[in-house]
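Every chain is named by a letter (A, B, C and D) in the order it is written, and numbering of its residues begins at 1.
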């Protein structure tokens, strides 16, 4: 499954991504972000192109790509469930929520994405919505985000069921 | 030229010299590990810490002097900080010294002796290359499970390690050592019996035995 | 102890290694000196039971950190005898060399430690200040001896070089030659220092003669014996080592953890004083001249120190020649070697010349494992003799009206003169 | 598009980015200055009036920020627009920032002439028509949350309190957040109409040195956490010989529990752009950067838009307002790394490298971005700068405590009734923040500690709530002011778990460059983990302390240097909880999973089956009696049943030796 997703990536026509971006090394972060936003993750070919475009060695681009949390070198699920791990969210029970999500989705330790590639569960840093703690954010493939405030096992189960239905209906 | 005073020794150096370079110029030894002049000067290992008279700590390798300044490079608290930091370094170092090409010329082993940190096995100091290793000749050598610090004198004079300095207490090292013994067909019972000579009453030896038993049965 | 009655305790006589208390009790003209080692016994003979015979020597060498090589070689020898293994000739020679080197270096240190007693100084520091040249010469000789030792053995104590029927360290011809030359230098240095030393020489008690003049040495014909198969007593009796038990009896000291060895129920002594007397013919005149220079009275227990000095000079020459000879014979150096043997059963007694005298290791091995062991160290042999000599000495000193403080110092000096390496008596 | 204040009033006005007019800001408010024309003056007056009440005399403001969007402001906005177009009402709908009062999100503000301005709290999209009808058609304000002022001619006015009289508003001093929730954050015109860019035009007339003097006189200290005097930092940077110089706004607000920078940038972004421009002018920089945290994309969009707007009207670019000062700003989005908040790491990130901090000195003021002198200020600091330059240093210096002047925004979250961001003069007590502004603990729990300063801060016990919040006082109590996040911790939380949580955070966020931070924090974490599993030993605490000290004093940057603070402060104030875990194997707050057992109280169970349905391990089964029971051998202690039970029949107990470590 993951393999086939990888193969889909064709980075030949990637150059249009970088339009309007100056060819300066300090634009590396932005260039990588654009690659990621197109493919959902950073394919190696994409990192190469980005590095080439801004004029830094591939090694540096790779070191940057592995350093920041927002970049992912592996394909992620269609729906990325980001569980806030901020203080307020932790204190109000997000550590329980993430365990719940993982067990409901049947994720093994170290596994991020469900085997059908629909959901991935990740820890995230504070979204700045601490007033609504605990917060879970679902990144949808069309680029819109759904923020769920005051999340608990019940609401999360409902949300997963909702997206499962959506998937079931589509395919 | 500016004057740097380190531990009471005054050294005249060009402005922009690091404290470490100034100390080396005066023949003072400040332990350091990560710095390679011109290649890496990121001040990562935090071993070359020096103290200003006001008590602030700086890494000597990345503190450049532009005016007359004074530093202390050796004091009890500095030693403790260095020691703890060095223990951190060893904590996640994969110590399979018996297979390491740097054995016998290992900076970590040297520093662990210098900083009095118990961590590396005798193999780290052993002058024999991995191919000449006594273990490969079937000699039951206690090197892999014994604390270094003796400069591997026994191995140097031809005999196997007898474990004079006591057992290493890191479980992962012991496990690796066990599998190495087994790989080379050395009876671990012999090893334990030999270790029993000097470690008989050491509480740490119980750890060794426990680990060996666990690995054997698993 | 101003009157005829009283007791005196000399606590913790400082020496090279270990401590010993000496209790002096005098009661109606009978004086009793009690030599009591304060150290706890370590039960080497007991806890080695059941250990594989190969390991035994390495552990036995830990009886004493000062004369580890001697214990090691003796133990190896005993195991070999028990198992009937014959090591090759060069291995035997290297063993002699290693052991002899230890005697040289060891006795040198003993001499240095005792010299304050013999020059009227309170301690080594003041001795080093008063007799700077003697001190620096002796230290230099010691350093050279250590250097030679390192060349042959790799490290100073508990050498892993030697093993049962084996030699582990490659010794190159260069190393042998260097060791030989160094040893000759040691001998020369000591000979040069001798006259200076003679000037400074003030034995604590002169004219005191040994009340029990029986000694024991290894029996050797032509050559200074570092190993031997028989013991020689001063009354002319020669006993094969296997039969040592018929003449030497080891008993527990009634008042301490130390052991006594008695020769037919009598106290006897061993050590350099005995060796120089017994081997006067082998040693030859050059060294005898040295003994004259130092005006050694072999009948005086104190003069053991002087005898040691002579012993060191002779041994340095002897071992230097041995090393050079080996270098000549083995032009490519001596390779590590070992003789294959099956771990069998048997009984073996080995005796070697130790720095302080005669050392006996006696093992019974069954099925490759140690069944029983008996070790008689020189200190054990000397222990009773110290008491006997001490009693006579105290009587003499009290007659002379010496102060209590003086008596204390002199008794301590006597103990040091015999044997500064006390843990061996408790093992 | 109607005529705006920023447009030319007539042919005589000559301001454009290419031909800047030094009096542009003053002129657009109280102009025209270069010529006298009744018409033009009237035009401005009408426009100002329009801005306040909407072009059609009525206006609905919908807050459009991350926090309100998360509670459904988008749907509310849609409902408002739909309803207005359906009924054909003459009402302008505009967006605004956020007051920082999270507990009323999402809210709506209704403005019309002759009526008191009303705020409605927690609006649902289906209640929108009713609200609009009642306010605009019936002129009835009853049901509103608060009013801005009273006019005496609306129905139900007496029952609704004035906003300025409410506790959480009255006790605030809104100095830097004055525009938050009031102006449209995407409109430069509204910003200028509310007094914006006065500071910059004043600064440009004073000259750089006078600006630095002014800031020094105000006593402003960096609001990012360390509290370094801003004026001094600028002076040092100005004195550096190297050119070009750079000015950076640090908008990488990463502390969990702190969102005042997000709030400022989303509600009043121009203030930050103005502040950064002033900073650039004072130090002699030619380029500015705003480095924004990746997790806050709206903040970046707002700032980006503000920069573009300012550039459009000649407030950025070459020869700003005719002063000869050239300055442009680039907004850079991070890619997610907490350590970017550290200034040297931030510089590395801007350069397009890994965000690895480097050893200071040399400080960025000497060698910063691309080796050039660089001034880095926190977003809040820069907002203060713009306000100080507009209002004058004296006014600012009159606020605050003896040692630290001015105001500071604090975000109070956790176990309080009214979570939100509050601006208070520095020197008020923690009690005022937590109890008076945020309303204290929710019913049924008690606040036992307050965590101040994010992962780098410390936990202060409830007994010390009367401490003043300023840099020095907090430091002496083992916390730091940090960026100003205040998290109230109730007695339902375990302090050991809290300390472990912060270490989880900091050790995951450690950049990995230096040893004490990379390894030390992990080792400390594993000790705490051992303690929370009930396997701790007494000597662990000593080791923990020693490690914490080493990590603190030898780490390369402030991340590692402050990361042990939560551990040290909990060790200092909550030793009893550590001891309970270690000696008795009990978690007093029933939090640490390994020490807690979940049981269903059969007397209280109503047999609804929620617990069994939600149990991920299928450990809950129905008994013959219709009640439920947990099979302890299957229970994974996730706590789901505890949360979902509608009647709280699931109980947590922490019994001795519950760790099951034999």
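Operating definition for what follows: a contact is a pair of C-beta atoms (placed from the backbone, for glycine too) under 8 Å apart; a residue touches a chain by one contact, two chains touch by 3 or more.
If you're wondering where the values come from, they're calculated on a predicted model, not measured in any experiment.
A.B. asks: Please indicate the chain closest to the centre of the assembly, with centres calculated from CA atoms only.
C.D. replies: That would be chain B.
A.B. asks: Report which of B-C and B-D is connected by more C-beta pairs in contact.
C.D. replies: It is B-D, judged by the count of C-beta pairs in contact.
A.B. asks: Between subunit C and subunit D, what's the gap in Å when you average each chain's C-alpha atoms?
C.D. replies: That gives a centre separation of 83 Å.
A.B. asks: Measuring centre to centre with CA averages, how many angstrom lie between subunit A and subunit C?
C.D. replies: 80
A.B. asks: Using CA atom averages as chain centres, what separation in Å is found between subunit B and subunit C?
C.D. replies: 39
A.B. asks: Suppose each chain is reduced to the average of its Cα coordinates; what separation in Å results between subunit B and subunit D?
C.D. replies: 46
A.B. asks: Of all the residues in subunit B, which ones touch at least 2 other chains?
C.D. replies: none
A.B. asks: Among all residues of subunit A, which ones touch two or more of the remaining chains?
C.D. replies: Subunit A, residues with two or more chain partners: not present.
A.B. asks: For subunit D, jot down the residues that touch at least 2 other chains.
C.D. replies: Where subunit D is concerned, no single residue meets two or more other chains.
A.B. asks: Classify the chain contact graph as line, ring, star, complete or other.
C.D. replies: Its topology is that of a line.
A.B. asks: Chain pairs that touch, all of them, please.
C.D. replies: Inter-chain contacts occur between A-D, B-C, B-D.
A.B. asks: If you look only at subunit D, which of its residues touch subunit B in the complex?
C.D. replies: These residues of subunit D touch subunit B: 356, 358-359, 361-362, 513-516, 518-520, 523, 546-547, 550, 553-556.
A.B. asks: Taking the touch rule as given, give the residues of subunit B at its contact with subunit C in the complex, in rising order.
C.D. replies: 153-154, 156-160, 162, 164, 193-194, 197
A.B. asks: Touching subunit D in the complex: which residues of subunit B?
C.D. replies: Result: residues 42-46, 49, 57-59, 62-64, 80-81, 84-85, 88-89, 91-92 of subunit B touch subunit D.
A.B. asks: Across the complex, what residues on subunit D touch subunit A?
C.D. replies: Listed in rising order, the residues of subunit D that touch subunit A are 66-67, 69-71, 102-103, 105, 253-259, 262, 294-296, 332-338, 349-355, 411, 413-415, 419-420, 451, 454-455, 485, 487, 489-490, 493, 498, 501-502, 504-505, 508-509, 511, 610, 614, 616-617, 636, 638-640, 643-644.
A.B. asks: Using the touch definition from the top, list the residues of subunit C that touch subunit B in their complex.
C.D. replies: By the definition above, subunit C touches subunit B via 51-52, 55, 58-59, 153-155, 158-161, 163, 167-170, 336.
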